[in-house]
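Just below sit the structures, each encoded as structure tokens.
The two complexes that follow have subunit A in common; it is paired with subunit B in the first and with subunit C in the second.
Up next, the complex of A and B:
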């Protein structure tokens, strides 16, 4: 168990390199086994994780460049653990259900490399290491979109790459400055996040650094107005690319807000809370309306992702346990649901080679099982209680309500506009008479597709009905972040906005005990 | 008792899942019978619980944790007290009958199995709604019934109008749900809990302005589910669903959830009588507003839907004025006779090949005797004639308004009672009396299956005798609800009021018979501007379409095509293009030609020297 994180990161990459020598006919079986072992390993990680400990677990540390304090530093807590499990889960079902693909060997190897970078990002606790994985993740995705994408794939992939790369460079500058300030304050260089957490920066430094990090994260999320690369990327990417992009890669941005921005710059987080909330509300309402106007089913889901990310951002900047835990939970929820929705769009695209909604209609009678699963995911996306997204959405909004009533009321419009575009799209595709001849004989979802869809459906309902297994560890880790922020905060406003849990903890203990 | 609670709650879920197993296969009778039987079991368990709580006990269980983070702790907790037991009885009685009836009604439908899966799922959600012991659990049921209502309104999904109505209902309800959600947030941050008992206990220490805000937001939630103005348009459109659905969801149970919420949150509303008064006024307005639209409508189901809306208004008047037990009593009585009315309408629709215009019917009392008797009974009960259920519950609301000195409300409700009698018997007269106009249109009506009539008969019985339970009921629910008796103390005033109301209502009934016994198209009346306004439902649906839906669609399109594509994305591309073009333009400099390279080098050198000179002179000057 000591080096399980290292194994998790590099096992897919090593297997990917070895994959070059595997014969083309057996590459699929090879890929599935590697991904299944990887998923099993991630489950082992989850089993070994102690949910009652809020700090980092499975830490590994090897100095790389001691003069500059750069090290190979890994660890997971409740916030990153489940994203890692989710990443390996999606890679597994992605490879296992890969349809007819040209150059399938290249695809599987690329996916395995992508998996390495994804897990690397969420397990890194050293800023440079984090940056390396963050940037490396662009390469496999660039290749997936550029090689297996639609007609505009080159434009889309280059846009995706350059846009996010630009943002990351600004973030890198911010990291270098952060390390420099750390060196100024303590006399030694360090890029370790845990060391950085202990540093209290003056407020004006925080503001600048926050802005630099923000630029990198916001493009990745993507936040309005930096979101326009996403519809192109989704529009051109093959199904597997979209699924991983929506489910895991976008979470890097929101995760980084929780991991870097909040604990490093608590005063700046409070300072920028309202402007960011305004951006989040624009994301929620504006992109939901844009989603409503779409004609292409996949674009509806793509824009809906941006809208949901708005709720995640809002929950993160609630700066209290309810909000942050809710936003981390919603990262998982959105990953499962949007991943499943993109997968479902892929199912119909494989059959009809179009994603235009006007080409469909009445599919509920032709493909009842498909319609049922799609319906469940639509309802999860809309955030119906007892589905996974409700928990995250409810907690995120509940958390932010403490900070601002009117902003939450505006953000809450999410539940209305979300229902509008989702139900409209569902109606266009599934209801009505079957008008097109081609649609009359469409086969329902097959076994291979079920292999992906059934687990996703089960998870979407299970974690909505009983979120405790993952909400509890998330909540524990969130508490330590919130407490850290409160202790570090300098300004009076930040002290007030970020709750102090030490006193409240004892009260809440007794009240829960009473409840039992 | 816990076992009965769990059986009552989960039997409908089991039925729903059982029917869902067959959802993709062709019609099987068992998919209808098993859920119905399970619902009957649920009814029996509810009955046991009712008897138990009548003794003053309550059952409170906590099944497991739902959400817990920070200070928030939400369990799956269920509470059976006198109020929820009443609701459970209403829900299980009506739904059992509607299920059995539907086995006959949906007989020829190819999606028979899917129908029962959704119908039982609805009952399960409704049970969660009324049995939860906290606001979050209530919200689960609240959204659950919304989902099932969506699926059942749009049950015949090949029909554009049905799916449109389904989406409208869902979205309108979501607007209200946002209000409810905000109310829940406010409750949590001000009391630290969402459990009813803790919240109500803490409420007295909360600032009264915040309590008012909570009351208003919760009521906004109630307005959506109970289709109060201005969120009322979905209810009439919801009649696109199968008629048993209208009977169960859009008359007896789901639409009364808003009333239940206000009754349940009575400790909150007791603190804020001003908000309560607003609720009562809105209720009275809706009562009259909806009744007026029912006067002229020519769609059988829509008339009954408007009547439901109107009666919900009555309930809100009672609840708003603090007479919670009266509101709940009318809710119960109304559920019985209104479900009966709808099921009767379902029989008529079956007989008439889904024709809804009563002007094309007439004289059906000869062929459909059973249905005729039951619908007449239900209409008499609805009109509030002694000694049927409506008399005891509806007249009580009038008395409440009178005793609380709200004479305007009283007058409005009295007039509405007359209108109710008129439109109810207009419908009865048009359908069952007069000439047999349907022959002109080539219909061959027939009575419904006998067991459908038998299934309906308990409702008919309850519509007649429900009033007799008034005192038992009163003693039971006032264990949790404020115990205020509403008696007009002056016997002369009391008798004048009661008999006067009865005479007025009977006069309205006779007028309706006289006018519509012989159904002739009254062209002159239809030219009337007032008629046109009513016929077009005060132009509200038109207004919503023109000034909300269309602009929203248009704005969405503009946001996409003009802003997202032409401004936001174009800016990004422009930035990229600047770099690209700069590169293109300056590429000529890097052509590798030695002489041009040397030229550039000289230019650079001169520029650097000039800069150095300026800099050093500047330093000297500054230092000097």
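Up next, the complex of A and C:
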């Protein structure tokens, strides 16, 4: 159990290397077994996790470059735990339900390497280690989009890579500055996040460093106006690529905000709270409107995914327990729901080789099971109560309501817009008469697809009805972050905006409970 | 009556000459063997060169130990100077040469490698570079530089194609001009200070507080231009892509690593005290040169259609990146320079070696240079391992963690940060992003496109023989696991650099 995180990270990579030897007829079974073992391991991690402890667990530390303070430092808390579980879950069902794919061996090995980087990002507590996995995750994704994507795949993949790479390099400069300030303050170099947490920086340093980190994270999320790579990437990526991109890779950005920006720069977070909230609201409303104008079903979901990422950002920058815990929960919810929606689009694309909504219509009568599952996921996506996204969205907005009423109102309206375009898209595809001849004989979802869709549907409903098992560890860890931020804050405004939990711990506990 | 010169052999400290004498003796031995019995197989010469280089390496390790005990050593009428810089510089030169020389054991026959002269010249060249880094004396620097350069011109021309002759002549002309600049700059410094030893020059200049600032500036400009040619800094870079294109890929890879480290060491000795003097505008000039070199070379590299030319521009850009260390001038930066160059040497030699094994003797229809991007299209179908390795070297050169060059970049940017050059750090970071595009281009061709050339004949890996594959394998392993070597390397380098006072 001591080194379970190392095993989780490198097991898929080692399996990927060995996978080169496996014959291509058997590679699918090999991939499924590896991913299933990995998923089981992640469940073991969850079982071993103590939900009452708010700090880091399963810590591992090996010095890599001691004189420069770089170490192999791993650990999980309630915030990263569930994203790791989700990442291994999605890789498993992704490989298991992989449709007919050319060069399937390359695809599965690439997916296993991608899994290593995804889990590595969420388990790293050393900034450089984090950066290594963060950057490495670009390579498998580049290959997945570029080799198995649509007609514009090369443009889309290179754009994806360069956009993220540029942002990350600015972030790297920020990290080096942070380490330098740490060295100035303490006399030793360190890239350990836990050591950085203890450093209180003057406000103007915080502002600059916040901006440097913001570039890296905002491009990854992607926040308006850095979002332009995402529709291309989604539009061209194969189904599995879109699913993993939406479910896990985008979460790296929002996760990094919670892990880096907030606790390292509490004053800057308060300073930039309103500008970022404005960006988030623009992102929610603008992309919702763009989504409404799309004719391609996959683009609708891509833009809706960006739109919901805006709510996550808004919740994160509420800077209180409700908001951050809600946004972390929404990361999970968004992962499940938009992953499932992209998968559903893939299902229909496999059958018709088109994603244009005008090509469909009346599918509800042809493919009833498909329509049902799609319907549930659309409802979850728009945040219907008793579905997974409702919990996260409600908490995020509740959190931000404490900071600004008007902004929250605007964001709330945007969610209604979200309902409009999702339902409109659903109507176009599933209701009405079956107009096209090709659609009359479409087979309903088969067993393999059910294997992916049933668990996702169950999770989407289960966590909507009873979110406690996940929400509790998340809010425990969130509380410690908020408290840390409050203690570190220098300016008066930041002290006021970020609640002091030592006094009101009981109050915030009850308010999260109510939200269930 | 002149008094007889009376110098004890002891004070000459002849041992300081050993590292240079070993390759010179090696070269003479190779020539003698050829005199006695000609027509021997190239493998003999390769192995002999390798043995002599190994001995050279051994003597350097010996010096490294001596240095850590006794500090700087002078010798041979005090023109030789063995300090930390000299030791690291020579180690990098010798190790890179050892990695390079087995590349001549190709499975196809390239006739230049069958001449023993090739190996003799090669060893002479190494001795030249070693002289360059192991002295403080402007004249010996000049001699070493010319010895190495003249040998290198000939090595390029030995490739025996029209483009190679063009390359050799071009390089020779530019090199001659650079030599002229160098002697002119050195002359002015001598006229100003009455000395040709760099530490004397700096002491005299500092003593009269740079009163002849105009002359110093002229001298510095000449010297900078001269090393600008050697380091291919912009605007003295124009020869580089043509020369790289004309020489064999292996030699081009070698040229992008070894001559430059020798020039960096000399530049560090020459310019460091001037940058720190704050009187000369060298800081400003260097700043402009560094930024221009990084950025423009990257932009030109974007539009190349031949991989070798692209790598030529990329190596210019890397040189500019590293030149920033001399501008920043802290121990951290200078150590980062050497670390960067070691890591870069492995990735770059690997990349050029991959080109070299893919060099076919007859071009297929539609191919207008040796290594156009199209040639590598769809490589992953036919040779997945080769494609993966080439992709790895590209990612490393692009600075993607955790592969080799990333650690160099990280240290370099970190030293810019702690040296107070915030804007420079950002420019360096953004340049890495620009550079990523052209490295990605090759990856896109290899992994995402369909093969372009319609030919039955093998055009990939035709040159691959066991020694070449081992070299590439070695570079690959080093590039992937570089994170494990960074810490001990950095410790070693920092100790040497710090103890020699840079």
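Of note:
In this text, the second predicted complex is superposed on the first by the 505 of 516 C-alpha atoms of A that agree within 3 Å, B and C clash if a C-alpha of one lies under 4 Å from a C-alpha of the other, contacts with A are read in each partner's own complex, and residues count from 1 in each chain.
Just so it is clear, contacts are C-beta pairs under 8 Å (C-beta built on N, C-alpha and C of every residue); 3 or more make two chains touch, one makes a residue touch a chain.
Model, not experiment: these values are computed from the prediction.
In the overlay built on the shared chain, the residue A:183 is in contact with subunit C alone; subunit B does not reach it. Touch criterion not met for A:492: it reaches neither subunit B nor subunit C. Touch criterion met: A:162 reaches subunit B and subunit C at once.
Note on subunit A: of its two partners subunit C and subunit B, the one contacting more of its residues is B. Touch criterion met: A:365 reaches subunit B, while subunit C stays clear of it.
By the touch criterion defined above, A:412 reaches subunit B but does not reach subunit C.
By the document's definition of touching, of the two partners only subunit B reaches A:290; subunit C does not.
In the superposed pair of complexes, A:322 makes contact with subunit B only, with no contact to subunit C. Looking at subunit A, you'll find residues 162 touch subunit B in one structure and subunit C in the other. Interface of subunit A with subunit C (complex): residues 64-68, 106, 128, 131-132, 135-136, 138-139, 142-143, 146-147, 153-154, 157-158, 161-162, 165-166, 169-170, 172-173, 176-177, 179-180, 183. Within the complex, the subunit C residues that touch subunit A are 380, 384, 395, 400-402, 410-411, 413-414, 417-418, 422, 425-426, 429-430, 432-433, 436-437, 440, 443-444, 447-449, 483-484, 486-487, 490-491, 494. The residues of subunit B lying in touch with subunit A in their complex are 23-24, 62, 64-73, 75, 136, 139-140, 143-144, 147, 150, 154, 157-158, 160, 163-164, 167, 170-171, 174-175, 177-178, 181-182, 184-186, 188-189, 192-193, 195, 552-553, 555-557, 559-561, 564, 568-569, 571-572, 576.
Those residues of subunit A lying in contact with subunit B across their complex are 159, 162-163, 224-225, 227-229, 286, 289-290, 292-294, 320-322, 325-326, 362, 364-365, 368-369, 372, 379, 384-386, 391, 394-395, 397-398, 401-402, 405, 408-409, 412-413, 415-416, 419-420, 423-424, 427, 430-433, 465-468, 471-472, 474-475, 478-479, 504, 507-508, 511-512, 515.
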